[in-house]
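Contents: one structure, followed by commentary.
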Amino acid sequence: MSSVPMEYYLILSAFMFIVGVTGVLIRRNAIVVFMCIELMLNSANLSLVTFSSYLGNPIGQIFVFFVMTVAAAEAAVGLAIIIAIFRNKLTVNIDEINIFKW
Amino acid sequence: MSESLLINLSIIILFLPLAGFIKVVLFGKKFPKLYLLEVAIISIAFALSVFVMYSKLAYYNTKDIIGAFTWISTGNAPFSDVLNIELGIKIDNVTVIMLFVVNLISMLVHIYSIEYMRGDKRYTRYFSYLGIFTFSMLGIVLTHNLLMMYIFWELVGLSSYLLIGFWFEKKSAADAAKKAFIVNRIGDIGMFIGILILFTSYKTFTFDTIFAQIAAGNLPFGSSAWLTAAGILVFMGAVGKSAQFPLHVWLPDAMEGPTPVSALIHAATMVAAGVYLVTRIFVMLTADAMLVIAVVGAFTSLIAATIALTQNDIKKVLAYSTVSQLGYMIMSLGVGAYVFAFFHLVTHAFFKACLFLGSGSVIHSMHHEQDIRNMGGLKKKMPVTYWTFLISTIAISGVPLTSGFLSKDGILAGTLAFGKLTGHWLIPIIGFTVAALTAFYMFRLVILTFHGEPRDHHKFDHAHESPLVMIAPLAVLATLSIFIFYTPNPLSPDAGWFMSSWVKTPEQVTPVDTRFDFLKPSAENIHGGHHGEIVHSVLYTETMHWAHYPAMILSLVVAGLGILTAFMFYQWKKINVDKLIENKFTNALYRGSLNKWKIDEAYDATAINGTLQTGSGLSWFDQKIVDGAVNGSARLTRIVSKISGWFDTYAVDGFVNFTAFFSGFIGLSFRKLQTGKVQTYIVLVVFSVIILLLFFKPF
Amino acid sequence: MKIDLILFFLLAGIAVVTSILVITRRNAIISAVFLVLNFFALAGLYLLLNAQFISVVQIIVYAGAIMVLFLFVLMLLRTDNESPILSDKRPLKYFAILISVFVFVQIAYLLFAGKPSRNITPDEAASINSGTIQAIGKELYTNYIIPFEVAGFLLLAATIGALVLAKKKFE
Amino acid sequence: MPSTINEYFQLMPFLIIGIGIILSVVIEISSKSSKEILPWFSIILFFATALYSITNISEHAVLFGGMVEVGGKPAIFNFIFNLGAMLVVMSSIGYLKKYGTYFGEYYILIQSSVLGMMVMAGSKDILMIFLGLELMSICFYVLAGINRNKLGANEAAMKYFLLGSFTTGFIVYGIALIYGTTGTTSIQNLIDNFGEYSSNIIFVTGLILFLIGFSFKIAAVPFHMWVPDVYQGSATTVTGLMSTTGKTAAFSVLIIMLTSIFTLNSANIFKPYFSAIAVLSMFFGSIVAISQNNLKRMLAYSSISHAGYMAVGLAAANSYSISGIIFYLAAYAFMNIGAFSVISIIEGENDSRTDINVYAGLNSKNPVLAAFMALFMFALAGIPPMAGFFGKYYVFVGAIESNLTWLAILGVISSMISVYFYLRVIVFMYFKDAEENFEIEVAPYSLSSVVISGVLVLMFGLFPDMLLRLITAVVSL
């Protein structure tokens, strides 16, 4: 571990975060958008674990543990919402889901 | 007769009308006779206020009675100052006289309305509105702090909204109510900011505490300019409520309300609230603030008088006359003639209420005809109305033996003295001009309405004298327009009890250098007289004496001239009015006056149109620019050209259109992004992140 | 070159490539599979960082449970392949990519300018100790007992919510 | 540090709600008439918690090794959350049948979301903030879309969910950066050493990302986009809950995180940020609300502008403005819940009758409802002596105290603009004739929710000192 500079991990994490953001911005399939959000959460987790490891205290890893819990809960609810919308509209294309505007 | 009794009685007087309001609102539908209770309640309040006035003037003439309790106290708050906000009432001589006037007129209007409003489908609700209105007005009169003043101020605005818009089925009435409310709010912004300035400096709303702090040399933010600003800003509230230029436009429109309401609102209460506010803050006004006030008042009185000359609606004439007289009072305060301003407030309340109620009597008997061109000759049919109306007209014109002469003369003397001491001669000149105009248009009104031959025979035949409950209030008010109630000497108010012992100019608290120095006691009379009794310099007292007789003679002359001209024009028809206005120059003046100098139209073109355009501009953006930004540059060019077209059309005239442009700009930047599509939302979020990161990094 | 540096670059490379593939594949199922690969690469990186427990949880919970749920829903709904990603709303998407790149540049600049490693002296032993199941378990059940309980309620609420949305019979 | 059983007893508010949730689940599973029992059970729970919190306000303690805080500020927030949720549950009883989601899980989700808010307001550790936020948000996602047969509800839930979890990503990333520079997630450490950290750009960036996440939750421009869509699409009672208690919870977190700033221990580096979002939100909300015809959407924009007024307090960041914000939140919670309760009573089946022209002539149909609606509109417009006036007033005075007079003036101007659209509702109710005839069925519980909100709004307006004294006593704890 010590031979890899900490910044390498952080840059990797930032990169994955931005890839996730880009995915959220450009994809149309709601499930894929949600997957990109998971990607963002994971990159944040990578940062947390990196800091935790280099600082030598477990708080960051405990945080990651809870982030995973939250991600699981969000996945359950989010996929349920997407299924509900698919039942009514037969699409998960988020561009078509816009009855409310202005 | 203890002080606490007076305080308690005043509180009872304050809440009696509210209690009436609540009862009528809750049970009005089940017991339609409940309006009688409301009338009874207001009569009790009046009786109590007579008692309070008598006790105060007789036993505590020189003492201010204050009853207050701490309402909000932030106790051990961690910030620097401890904040205590007190609520309470202050009873001084001005208060009790106002209490008497408001309750008297409110009671008379209640009685009068029993007949006038009979048969209206919202009869009981009308009385409940009168109740809440009286309550709010009494609150303004009794309060001892700016916070309660502001709260009741807004309540007056709200209840006047209800009363003016009482016949809201008529679009004009609903519009007038809205206009009154909105125009008043504009003034209130200034008042609110002024109050905030005072509050942040002194951490209190209480008048006396603020004044004491100023007297101790503690100015807001350490500068007398801020004191001037605070004075003018608070005065803006009065500009709204007392219908001073440029916010006077609501008052003539407010004539859409029932006529007794006009009498109540426009004679004794709502519009008087503005003048009353200025008397309350009078002691903290600096020279600059007073000059502003004097100029605003003078200009208002002139412009309203010129408009009143040519109006044909009986109530419109009275409305503009009210605006003009209010300008008089404001001007009088501005030139330092505090006592005469308040005196005029009282006398004007009586004769103007009488005039409004009299006009109501005429309208009532003529089956809601309001155009004086269709009247005439009513003298024979309605003798009581005629005579009371005439007495009031004489009073407002400033003919001797009336109350109006006394107060008006005092104001004119005040302006004359002011002109001599400061060189602002324009103000006395306007004062005398307005006096002449007032006499003219009021007699024009009387002559056209009551004298001569009836011009609409059909309506004339049905006209009849009003029943007793309507003419009794007229008689009371007309009687109160006679000099004897105020002074034994019909030519000089100075000897009267009103002037000599009841109301005195309070001592200024502003620093010497920010004040017209003649209003401050000078060194020699502080040593000579009792401090606190004498509040003016010797110079000022002498000038007032000097001004007394010239003012009296001049005012007599101008009033006589005005009355004479009115008779020449309309009674004896020596001069043909129609001929006169054929001349190009006089015609232009006539049109200008008839069209109220196009002030309303100017507001329509700027403020109101601008607001409407804001709305339609926004909806335009909705329709056109949904996907605007995303669909490439061709679209963008079109938008830009449209914006510039839109800019040319609407955003060129004045400030309010700037607001329209501004909100349109916001619409362009943000609202089009509310496309309903999640990703556009997120793009905005990420974009904001960039901006924020750029901002917070020390790159 | 040390072995862990090589491993880092290997895993980081996998993570970068798979993450880009996730957002560029038109078939959602293929995207999901690449996301699973990405999570595996992350688990490897966690091991490199001495975070054994998190590494295992990453595989079991994330790659094993959450992603299976995703795949399950994807196959259930059988959504069509997307048309090429930049085929519509092109300016908006270019703009989106542009600002994303800009944010990345900002964060990268920040990390180089701020140099978080300056204030941190790595301690290999403490790092290894803190990543064990023992250390994390001890913390979780002592100092972090309240968050742990809250997480329990969170999962309960999510379960009820998912049931309401997906299963509840409507009258 | 081992925790004692005593510490658990001090966690009473959390225990009441937590055990209540478990019992509710048991009731829901075991009883057929759970949908009749659960609302009353929830009302009792919320009322007990509110009462306990407000009476134990002085029992301030930090428990479990610096993890949770009870008493003090959290107690006041708990009071707002629980009382607000109680009123929402009351108005839900009649509403849910109309809305087609007459089942018990709804109440369990409301309880869970309140638990999440309480965790947020009482947290002394960033981890707790995160978990509380997620607990609240997940319940809100579900509540927004609870009627899965309605496309509008689906859409609201999905938009809320996607945007919400997207910002969660930002929050977690921000927390990672904060943790990386401070080495801990303890808020007390953050408060004590804020000045030292605030020169570190990575820390500041982390905090910025964190603040962005919460600016999203308080519905401040430019992170407001979800608000109108979600408020319009969700069930009216749920909107009432989200827009008041949800906003309060997010503000409680901002106040906790910035404690060090407003106790004047460190410089207010975020003054430009909060000033900017305050001005944008105030004006954007007020101006766009003017052109709205759907009442729920109008109140959504009004909610944005209220977030702006409260953000003025954060920009000012002195104890005075912070007490002002808390007072404002309490006042806003009850007047907004009251308004949404009225809307939920008027609303017909299938989301009909939420447009403003439905309110034409309401006074002649149901004068009591019209009077209360007028009261809430006046309060929202900030006309004295209603509670809304004092909320704005304290915040603006706080701003002047911090030399942000320009911001206070802009706030006053914006609230003048906002009077227009609140007044519009009143004009419709009192001065227009009814356009369509429909029967208003007033459920007694819904009406009592309206009445209680109205009484609270008037009470806070007439005697603001009652509440303000409590707030100022605890604000710097």
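In this document, chain identifiers A, B, C and D correspond to the written order of the chains, with residue numbering beginning at 1 in each.
The definition used in the following text is that a residue touches a chain if its C-beta (ideal position, glycine included) is under 8 Å from a C-beta of that chain, and two chains touch if they have at least 3 such contacts.
Since we're looking at a predicted model, the values are computed, not measured.
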Shared chain contacts [chain A and chain C, defined touch]: B, D
Central chain of the complex, centres being mean CA coordinates: D
Result of counting contacting C-beta pairs for A-D and A-B, higher pair: A-D
Whole-Å gap between the CA centroids of chain A and chain B: 63
Mean-CA-position distance for chain D and chain A (Å): 26
Whole-Å separation of chain centres (CA-atom averages), chain C against chain D: 31
Averaged-CA centre spacing for the pair chain C and chain B, given as whole angstrom: 68
Shared-contact residues (touching 2 or more other chains) in chain D: 127, 131, 134, 138, 141-142, 145, 148-149, 157-159, 162, 166, 180, 201, 205, 228-229
Residues of chain C touching at least two other chains: 89, 96, 100, 103, 107, 110-111, 113, 116, 144, 147, 151, 154, 157-158, 161-162, 165-166
Numbers and ranges of chain A residues touching at least 2 other chains: 10, 17, 20-21, 24-26, 33-34, 45, 50-52, 55, 57, 59, 62, 66, 70, 73-74, 77, 80-82, 84, 94-95, 97-102
Parts of chain C lying in touch with chain D, wherever the complex brings them together: 107, 110-111, 113-114, 116, 119, 142-147, 149-151, 153-154, 156-158, 160-166, 168, 170-171
For the chain A and chain C complex, residues of the former touching the latter: 1-12, 14-23, 25-29, 31-32, 34-36, 38-39, 42, 45-46, 49-59, 61-62, 64-66, 68-77, 79-84, 86, 91-92, 95
Chain D to chain B touching residues, read off their complex: 158-159, 162-163, 166-167, 170, 201, 204-205, 208-209, 212, 216, 221-223, 225-226, 228-229, 269, 272-273, 283-284, 287-288, 290-291, 318-320, 323, 383-385, 396-397, 400-401, 408-409, 412-413, 416, 419, 423, 427, 430-431, 463-465, 468-469, 472-473, 475-476
Complex contacts: residues of chain B adjacent to chain C: 629-632, 679-680, 683, 686-687, 689-690, 693-694, 697, 699
Chain D to chain A touching residues, read off their complex: 127, 130-131, 134, 138, 141-142, 145, 148-152, 154-159, 161-162, 165-166, 168-169, 172-173, 175-177, 179-180, 183-185, 228-229, 232-233
